[in-house]
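Every chain is named by a letter (A, B, C and D) in the order it is written, and numbering of its residues begins at 1.
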Amino acid sequence: MSRIDLSVNLCNIQLTNPTILASGILGTTKALLKRVGENGAGAVTIKSISREPREGHKNPTVIAFEAGMLNAVGYSNPGVEAAAREFANLEDVRKPVIASVVGTQKDDFVRVVEGLSALKFSAIEIPLSCPHTPGFGLLAGQGTPQATFEITSAIRRITRLPVFVKVSPNIPEICSIAKAAEDAGADAITAVNSMGPGMCINIEARKPILSFKVGGVTGDALRPIALRCVYDIYKAVKIPIIGVGGISTGRHALEMIMAGASAVGIGTGVYYRGIDIFQKVCEEMSQWMQENGVNNIKSIIGAAHD
Amino acid sequence: MSRIDLSVNLCNIQLTNPTILASGILGTTKALLKRVGENGAGAVTIKSISREPREGHKNPTVIAFEAGMLNAVGYSNPGVEAAAREFANLEDVRKPVIASVVGTQKDDFVRVVEGLSALKFSAIEIPLSCPHTPGFGLLAGQGTPQATFEITSAIRRITRLPVFVKVSPNIPEICSIAKAAEDAGADAITAVNSMGPGMCINIEARKPILSFKVGGVTGDALRPIALRCVYDIYKAVKIPIIGVGGISTGRHALEMIMAGASAVGIGTGVYYRGIDIFQKVCEEMSQWMQENGVNNIKSIIGAAHD
Amino acid sequence: MIEQPMMVKICDIWGESPGVKTFFFESQLRFDPGQFVMVWIPLLDEKPFTISYIQDGCIGISVLKRGVFTTALHNKKTGDTIGIRGPYGRGFDLKTNSDVCVVGGGIGMASLTTVVERLKRVTVIQGARTLTELLYQKRFKDMHVCTDDGSAGLKGTAVDLFANFLVKQQFRKVYTCGPERMMVRVVELCKKYAVECEVSLERYMKCGFGVCGQCDCSGKLVCKDGPVFDLQELDMMGDFGKMIIRKTGERVPLNGSVH
Amino acid sequence: MIEQPMMVKICDIWGESPGVKTFFFESQLRFDPGQFVMVWIPLLDEKPFTISYIQDGCIGISVLKRGVFTTALHNKKTGDTIGIRGPYGRGFDLKTNSDVCVVGGGIGMASLTTVVERLKRVTVIQGARTLTELLYQKRFKDMHVCTDDGSAGLKGTAVDLFANFLVKQQFRKVYTCGPERMMVRVVELCKKYAVECEVSLERYMKCGFGVCGQCDCSGKLVCKDGPVFDLQELDMMGDFGKMIIRKTGERVPLNGSVH
């Protein structure tokens, strides 16, 4: 049995395998990040941090439906000061940790990045793409090429860490967003954030279930859309892509990698298969690679392109 | 047991129940339309017709995935002349039949509507929203408020039949499209067409499965998005809405109606539950209404709004 | 049933006649006689083929080289892969399991092979244009054959041969597959002799699972309600033997055969 | 497990104490002792509650009126509906099914009722602030009670009473639920006397099914890995008795109780 090499180098971050915990799932504490790392993730992302603490939307904030989940958490987070305390001594996690940073103004992003600069994060991810939090992401106009360029440039100026720009699957001109990010000096594109928003109604109560009424759609429902986004972005930019959306098996991860992703984010998959999904996905990838004579995961990035 | 009334009046078309066969599913021949009617649909829609015959994309054109289907049929259709032969004597169908008309230019729409004008269609639906056919819908810029207004106005001028404008779930400003249609004289909004497009890759073949590579996403994956679109459009326009997207049970149909739909389209549901899905959905709605003391389906249209 | 094409490796290829090859591949899918798969050649196209060999863990399709797709298939070598999804459709009803007759014309014989292997006391009739085009001659030793040119068996069509049998032998049921014109006449004969009959139809297909409406035959879906239909059903199908649907969706008169 | 809240009709309401009401509703869901549901009041909020009555086709939750949500619940009448989803979490491990002790403090007693009903030879200890706040007195006739003000039973805490028992009686296992400070001391005593122990924790929750990370306690998810934890697990959970996570996600010192 030949050795299967799952390791990837993502913007000079060494990952033992391409699976990354997506932002907003389990990323509230250092202890949970550590546990996710122990369960096989190649890297982990913290839940997005804003300048001030936020309580987010009221419950219900996360619900499942037949084809995935809907969430409108509303960026609840302790704010940058408390986050800096929580994520001190990040080496405990023993896997690369990606900081996720959100803001309503360009200035907020900068402040948060500065507030976290003393910590041992391996990269900064900026989601300009949340579909359900007033003041942030799409609802604040951050999903245009121009806003993307400006916010990315501002962060580029103040950090030497790799910057990942996370984009929305909603936006028809997704490639121009990715290009704007690349032009502004982003080191990678994270594609994609949750889609929609969508809604579920409880017909007995005659009310939308989420307290915010609508929420971003993730999981199986999102996968083909996310895959197409990654496929298109791969043709549009030269920087690597972290493919996120509906991945819960090794096959899904390999699909995403063949579409052009250098690494894959996993969120809703934790709901489908538990925290050890990272390990499971890696084992499934390895087994498939073994059976199909692929020794090195890097060799099949973008393989579905002609 | 009190009598449950499922009938709706949609733009003066009397439907015995609110379920409608969505365009592109089984709508190729009069014989199939008749069969769908016999299986309980309140009305049926033909597969979209263009001016000239079209072979559409090569196979695979339709595939299923965990959360629904992907299709890129590419508007294969016999063209308006042959369609006029096929759909002569529509009274045989014994349910209202909606014509679906597509075109690359405004003029094409007009020609097709004229070409079908001698037939007994009950309404004209114009999908300006296909995400995967070059020259049509979104790929031809028909999904803007202005194009919607122009095409709708042109058709409005030449027919007295109710005109339904079918919109895309992809477009963030969906309400402005719906308003443009209303302003141009549309009688109803059909919301929504398939979403995306999305992609599925076969990892052994290392190729996208659909011959067109990408295709519109339908079924369960689409439902929460379609529901949110209908909820939003209900607030934006006064004309009725036909809610389409992922409906395969009575509960789903009731969700859509409470979101604001006066009738519901069913497409992918035929894959999940067979041709008699229309009957099944109606039975499930009736049973729920019985158990919950709702006698008249019309009384709960939009009930999820405050 | 699998939802998306699964790549399978061709493990063996047999030449059945100059124009027909059988491709074998490993598969754990379970098939009933008369069911079909959609065969995918990536970047090219996807088309329906009946399963003509059902063995333990291994199935086969017999393919007549006809156009672009079947030519591409014929160029495949052992070890190459193709995509398959299925099983699709409703196969033959084999409740009447003995003293039956199968009537195959041309490549239609492929759909009937697995019927023959499941039943007892089967009279097998195969018609072909000429000796070299006869299929499965080693597989079914006591087939009754006929050829248009008389190079083997009766000179004439499978319908003629079948008619000969009907006058001397009583069948409990007839299974047939072949050119649609041929099947129309088999059906007429069966009605005349009051014999049950099932017919396997061919129509251009897209989805294969009853959604797109491409394979309509008078309101029946050949992919899902069929491809096999019985006499009662055929009675309601005015398009049988008369109309087919083109790739564009146009319903046009059938000319000679679906092809 | 159901994925989305299901509206259920409140079929009965019992006053357990001035501050606590039990709401009964019909449900075919199966619960293990210690599992919980997320209770939804449309347009208001959604919060976790343990199942305190498991009967045939009918379950109950006992709710202490505390803030906005529980007040809204207390205002519900028989016939009103609420949404529930669940069952969630890992309940108590009842393999050690006799000669056990349950130690409940305040509304924590709600989690232990179903444990008591499943086991044999159970010593039930309940602590409350005052006589009127004691719960389930008719349900469990031979409970051992104590109150902060001495108005019933021993004047003192459940921990004091439990300590008294430990010196004279040997338990095979202890189950406890109540204010976290109380549980910390129960755990200390159990370790001292080398008795197995399981503790049911409370943390602010959002998803309830192990995704959002809101209910973290030292890397364990109270909603999914818990709410019940044993001594071995608690040993690894530095935050037990020390830190909780606010709605904002901020990890802050526990003050007296989760509340």
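The rule is simple: a residue touches a chain if its C-beta (ideal position, glycine included) is under 8 Å from a C-beta of that chain, and two chains touch if they have at least 3 such contacts.
Only a predicted model underlies this, so the values are computations on that prediction, with no experimental measurement involved.
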So the chain most remote from chain B by C-alpha centre is D
Centre-to-centre distance between chain C and chain B (centres being mean Cα positions), rounded to whole Å | 36
Between chain B and chain D, what is the gap in Å from one C-alpha centre to the other?
-> 50
Computed distance of Cα centres, chain B from chain A, in Å = 34
Among chain C residues, those touching two or more other chains are none
Which residues does chain B have that touch at least 2 chains other than itself?
-> 65-66, 200, 204, 207
May I ask you to sort the chain touch graph into line, ring, star, complete or other?
-> line
All pairs of touching chains, each written as two labels joined by a dash | A-B, A-D, B-C
Seen from chain B, its contact residues with chain A in the complex are 65-68, 70, 138, 170-172, 195-201, 203-204, 206-208, 213-214, 217, 219-225, 227-228, 231, 246, 251, 254-255, 258-259, 288, 292, 300, 303-304
Which residues of chain D touch chain A in the complex?
-> 3-7, 38, 40, 42-47, 81, 83, 205-207, 209-214, 216, 218-219, 221, 239, 245-251
Under the touch definition given earlier, write down the residues of chain A that touch chain D in their complex.
-> 24-29, 31-32, 34-35, 47, 53-56, 58-66, 69, 71, 73, 76-79, 82, 86, 200, 202, 204-205, 207, 209, 211, 267-268, 270-271, 274-275
